[in-house]
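Note that chain A is present in both complexes that follow, paired respectively with chain B and with chain C.
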Partner chain A sequence: MIALGQLGSAALYLAAALAVYSIIVGTIGAISRDAKLLTSARYSSVAVFLAMTTAIVTMEVALLTSDFSVKYVAAHSRLANPTWVKFVTLWAALEGSVLLWGWILTIYTAILALTAKNNILRPWVLVVMQAVQLFFISMTVIAANPFITLLKAPLDGPGPNPLLQNHWMMAVHPVLLYLGYVGLTVPFAFAMAALITKQPGTEWMTQSRRWTMTGWAFLTAGIVAGGWWSYVVLGWGGYWAWDPVENVSFMPWLAATAFIHSIQVQERRRMLKGWNLALIIMAFSLSILGTFLVRSGIISSVHAFGDGPVGPYLLVFFLVLTITSVSLAILRWDQLKDNASLDSALSRESSYLALNVLLLAMVFTVLLGTTFPLIVEAITNNKVTVGAPFFNAISIPIWLLIFLIMGIGPLLPWRKAKEQTVIKNLGFMLVGGFVATIIAYFMGIKKVYPLLTIAIAAYNVVSLVLLIVGAVRPRALATGKSTGSVFKQYAFENKRRFGSMIVHLGVIIMALGIAGSSAYRVDQQIRINYGESAIFQGYELKAKEQFMERSASKISAGSIIEIWKNGKQVSTLKPRINTFGGNPQTIPTPDIYYTFKHDLFLSVVGEFKVGQSYTAIRAVISPIIAWLWFGSILMILGTIYALSPNKKQIKVKAVQNTTENKKGDEV
Partner chain B sequence: MKKLLAFAIAFAAIAGIAAISFFGLDRGSPNRDIKSNMLGKTVFDFELPVYERYQNEYGPSFKLSDYRGKPVILNFWATWCISCLQEAPMLESAWQHYKDKALFVGVQTLEKGKDAAGNDFLSRFSLSFPSLKDLDNNVSIDYGIFGLPETFFIDTEGKLFYKHAGPLTEAIIAAKLDEMLQ
Partner chain C sequence: MKKTIYALLGVVVLGLAGFFIFRSINSSLVYFILPSEYAANPDNYVGKRIRLGGVVEQNSISFNDKSLELNFVVTDSIKSYKVSHYGAPPQLFKENTGVVVEGKFIDGNFKSDEVLVKHSEVYTPAEGSNHYDIEELKDALQ
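Our next item is the complex of A and B:
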């Protein structure tokens, strides 16, 4: 019987060879316009996907059957682990993650090969996708082969990093991020194809719009999922620490957000061609640079990633990628010049431009802050750290400005706004913001940033109301229908516009959640004797007893604490310390009482010994932190709504389906 | 002119990023090896059961403080630990070289009840220096083991001279033994 390691390696080599073939044939075919060669290149994209699928399935089989002759399984899996942990161990370490990333890329490429519109762009899009893919596949083959076979297989492995086993969220978060990063590859490939074929018009972005939005939504979900994981697993009660690993996922997100907004200007006004290309090149190359920064281990991070041989590999790819794409853009410089120019500073396009500038300022801030320790050490040999205070000090004002533009931008018409209308609208919004601030102030919110956030949130909510009223009222008046039915029709017929409003509402709610949970967080260490209770922020915490739960893969020990409010028991929390067999690291695992108003978060701190007469816990109250998660869900739902096919498309598809069914019946 | 400027800015940015990245790669990872608090202090004493094959020479149980007067190189290992597998043959050859100067002691830890696997490990590499069983992992906790393998160089007075995280090389053993015996 062939060993799994050999099968997997063979599949990887085959995938790499097919990718090379597809690039060469695709390039020759595109230059000579040979339809046969192009078809062959397209189908070899599907073949690459099948080869990579074989590799992935082989790895999963090795993990699920605990085949420790495969080095990756021996180094990261463990016999006693539950099946779901074994399954997700695929992306618990570097080699497997790269494999997964490459596989997702091949899925996207195969879908593109089969479904992309047959035009001049398609062959080049596939060539670029294959080139990126070849990089990832060859990295697994050369620098991070997970299928290396051990001559002497150990009898058991240590299991994945305990922090990753501690919550099911870890099964979701990396996959979402990869789906997001890979999603950004598609518009990048389209942009490159547009440059190569001298078609820097709007075709490339219209065709890749769905991919861009999907990638952006996955990236958003991935980042928030990471924050949530940090909140429920790490025991410090926070969700964002400006750690390098977080920052590097945030940078492409910022660039992609700028891109999503900016492409509308090109669609409407044929402007900002160069900008849009620069933004997508930036978004994609930042995702590679970020991966390099954290995976090469050259930056200190709480996320302990090993340093492997992948660092130099990723850096070379980043350089090839950026130098090629920038050179290509310079070569096509004359075609990238805009025909139109800004008509007025008071227009939709200028607001998007301002948004671009602000988001890029954020990217620069985050990039500088993340790499600053490295820069300083390179120049002065001193070690410094850049912490949250730097990032907060710079990013909060930028965000407030972004929110100001977010409110007014969608209300501005293209080309040139009438000053009177703008002043009227701004008036409503400012009054809304002001009233909300006054109310908040008298409700006890006295800190500056939270007040500003509330003001700007109210200002944005008024803006959304104005947008809807502005769209619905004229139609209701003209048709004589009820406002409700016109609203329904509007929301249904303008999915892209209405979806964006839902996303913006999500952003506002998220901003409030972040402001509330960070500015009014109460964090306290309490020692309670078992059988007694302590008062914390209006809650009575009754420490009942210690508990211990054992399973084959882990041991949990912790305290049972009843939560009482106003003489009634509202919850029982069991903060604990988990130990995963095979690893001595103990993982404090908090338990959380979620409410709409605030979360009560308890985590065991300090020494925890069996038979101890007291429990020492860290108690954290985070006001309206649930809004953060809720807002992010709205952002995703809004994107899905914007992308959902509208009525006409559904009808066309339905007709197609029925004809296909008929065909099927005839056979 | 504009073209030149855009070109210059883009490439300056790429060159800047490349420069600091190369610096970073050249420097390697920031040092994450946490220094042991026990350096220079007398290490925790322990008494652990000895693997059957070494009992003739070292008795059923091994008490560290009984071996004062000779440097002890205490190596923590487990059968699932890949680096330990790679390290074992080197340890045996180093032991053959430095038998007279120091006592090598292996401690199997973090895998309770894996005697059969442990015996297999010892046979596979024909390890002739004694190995002990840290059954309830207490010794690895006392020594603050973070990952495996970790090795502690204990001097003639029972004080910790050097701690090494990760696989050792014979050169390191030789250098540290020399330093210790001076």
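Our next item is the complex of A and C:
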């Protein structure tokens, strides 16, 4: 019988060979316009996907059956682990993660090969996608092959990093991120195809719009999921620390956000051609640069992926892709010049432009802060880290400015706004912001940034109301229908527009959640004797007793703490410390009492000794932190709504189908 | 004409932004140093947040479990400093273990708000020497 390791390796080699074939045949076919060659290249994209699927399935079979003759399984899995942990161990370490990334890429490419519109762009889109995936597949084969077979299989393995198996969120967060990163590859491939074929118009971006939005939504979900994981697992009660690993996922997100907004200017006004290309190149190459920074071990981070062998590959890939795409853009520079120019500073397009500048300033800040320690160490040999105060000092004002534009931008018409209307709208919004600030101030919020956030949130809510009223009222007046039914109709018929409003509302709610939970966070270490209680922020924490739970894969030890408020018990929390199998690392595992108003977060600190008469816990209150998660869910839902097919489109399709059916009947 | 004005404005704005960013980043740099490095240039770190690395000196740990006050001495075998920390000692915190404490020097004592245990293994000076290899220690702790 053939060993799983050999089967997996063979599948990888086959995938690499097919990708090479597909690139060569696709390129020749595209140049010579040979339909047969192009079809062959398309189907080989599907074949690459099948080969990579074989590799992934093989790895999962090896993991689930604990075949320790496969090196990756021996190094990262463990017999006693529950099945779901075994399953997600695929992406618990470097080699498996790269394999998963490559596989997702082949899914996207195969879907593109089968569904993309048949036009001049398609062959080149596939060639670029294949080139990117060839890089990932060959990196897996050469530098990070998870299928290496061990001559002597161990009887058991150590299991994955305990931090990763401590929460189910870890099963979700990396996959979402990869889906997001790979999603950005598609518009990048379309952009490159547009440059190669000298079609710098809007075709490439309209065709890839769904992919861009999907990738962006996954990236958003992935980043927020990472924050939530940090909150529920890492024991410090926070969700964002400006750690390099977080930063490098944030940078492509910022660039992609700029891109999504900026392409609308090109669609409507045929402007910013070069700019949009630059943005998508940037978004994609930042995702590779980020992966390089955190996977090569040159930047120290709490996540500590360690210095893998993939560093040089990623760096070379980053350089090759950046240099190639930028030179291609320079080569086509004549075509990328804009014919139109800004008519007025008061217009939709100029608000998008301002947003672009601000988002890029954010990218620059994050990039500088993340790489600055490297620069300092290279020059002065000092070891430094850039503290969160730097990132906060720069990014909070930038975000406030972004929100300022987010409110007024959608209210501005294209080309040129009437000053009067703008002043009237701005007046409403500023009054809204002002009133909210006064109310918040008298409700006890005295800090500057939270007040500004509340002001800007109210300003944006008024803006959304104005947008909807502005769209609904004239129609209601003209048709005589009720406002409710016109609103419903508007929401159904303008999914893209209405979806974007939902996303913006989500952003506002998130901003409030972030401001509240960071500015009014209370973080304290408390000692409580068992049988006694301590008061923390209006809660009575009653330490009952120690507990210990054992399962085949882990040992949990912690304190049972009853949460009382106003003489009533509201919850029982069991903060604990987990130990996984033979791994000596102990993982403090917090427990959280969630409410809409705030979260109460308890985590055991210090050494946990059996029989100790007291418990030492870290207690954290984070006001309205739930809003952050809720806001992000709204952002995702809004994107899904914007992407859902329009009623009109469905109707058109239905009509087409019926006519086709009729034709069929006639035959 | 219009273009030159825009370009000039752009340069001024970028210059100002660059200046503020640079100032801001310089003031929020957190240096990672060993006790002997601090001793060589204490003036450099007045009022600044730093990460102090070293080894927990033998017999120096005292923890008051009533008030949750933790005191110990961090050393790189050339120079030692007292560290005071509010909170329970973290997991795996013990004598002769590498630690990084984050905080500030106040009157020659280090006031820490975060203690990170860097390695579980115990540090011992190289044979025939009563000093740690400073470079090695720093690399191991970073």
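The working rule: the second predicted complex is superposed on the first by the 647 of 667 C-alpha atoms of A that agree within 3 Å, B and C clash if a C-alpha of one lies under 4 Å from a C-alpha of the other, contacts with A are read in each partner's own complex, and residues count from 1 in each chain.
FYI, a residue touches a chain if its C-beta (ideal position, glycine included) is under 8 Å from a C-beta of that chain, and two chains touch if they have at least 3 such contacts.
Just so we're clear, the structure is a prediction, and the values are computed from it rather than from any experiment.
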{"item": "Partner chain in contact with A:P588 - chain B first, chain C second, else both or neither", "value": "second"}
{"item": "Which of chain B and chain C A:A616 touches, first, second, both or neither", "value": "second"}
{"item": "Touched partner set for A:P389, first chain B, second chain C, both or neither", "value": "second"}
{"item": "Which superposed partner A:A519 touches (first chain B, second chain C, both, neither)", "value": "neither"}
{"item": "Contact breadth on chain A, by residue count: chain C or chain B", "value": "B"}
{"item": "Contacts of A:L637 with chain B and chain C, given as first, second, both or neither", "value": "neither"}
{"item": "Which superposed partner A:A17 touches (first chain B, second chain C, both, neither)", "value": "neither"}
{"item": "Which superposed partner A:I323 touches (first chain B, second chain C, both, neither)", "value": "first"}
{"item": "Residues on chain A lying within both footprints (that of chain B and that of chain C)", "value": "300, 383, 584"}
{"item": "Chain B - residues contacting chain A, complex", "value": "3, 6-7, 10-11, 14, 17-25, 27-30, 32, 78-82, 85, 110-111, 114, 117, 120, 124, 137, 140-141, 145-146, 148"}
{"item": "Chain A-touching residues of chain C, taken from the complex the two chains share", "value": "17, 21, 24-25, 27-33, 49, 51, 65-66, 68, 86-93, 120, 138, 142"}
{"item": "Residues on chain A engaged by chain B in the complex (per definition of touch)", "value": "71, 74-75, 78, 150, 152, 154-158, 274, 289, 292-293, 296-300, 304, 307, 311-312, 315, 318-319, 322-323, 326, 330, 333, 371, 374-375, 377-378, 383, 582-585"}
{"item": "Chain A - residues contacting chain C, complex", "value": "300, 361, 365, 368-369, 372, 376, 382-390, 393-394, 525, 527, 577, 584, 586, 588, 605-607, 614, 616, 618"}
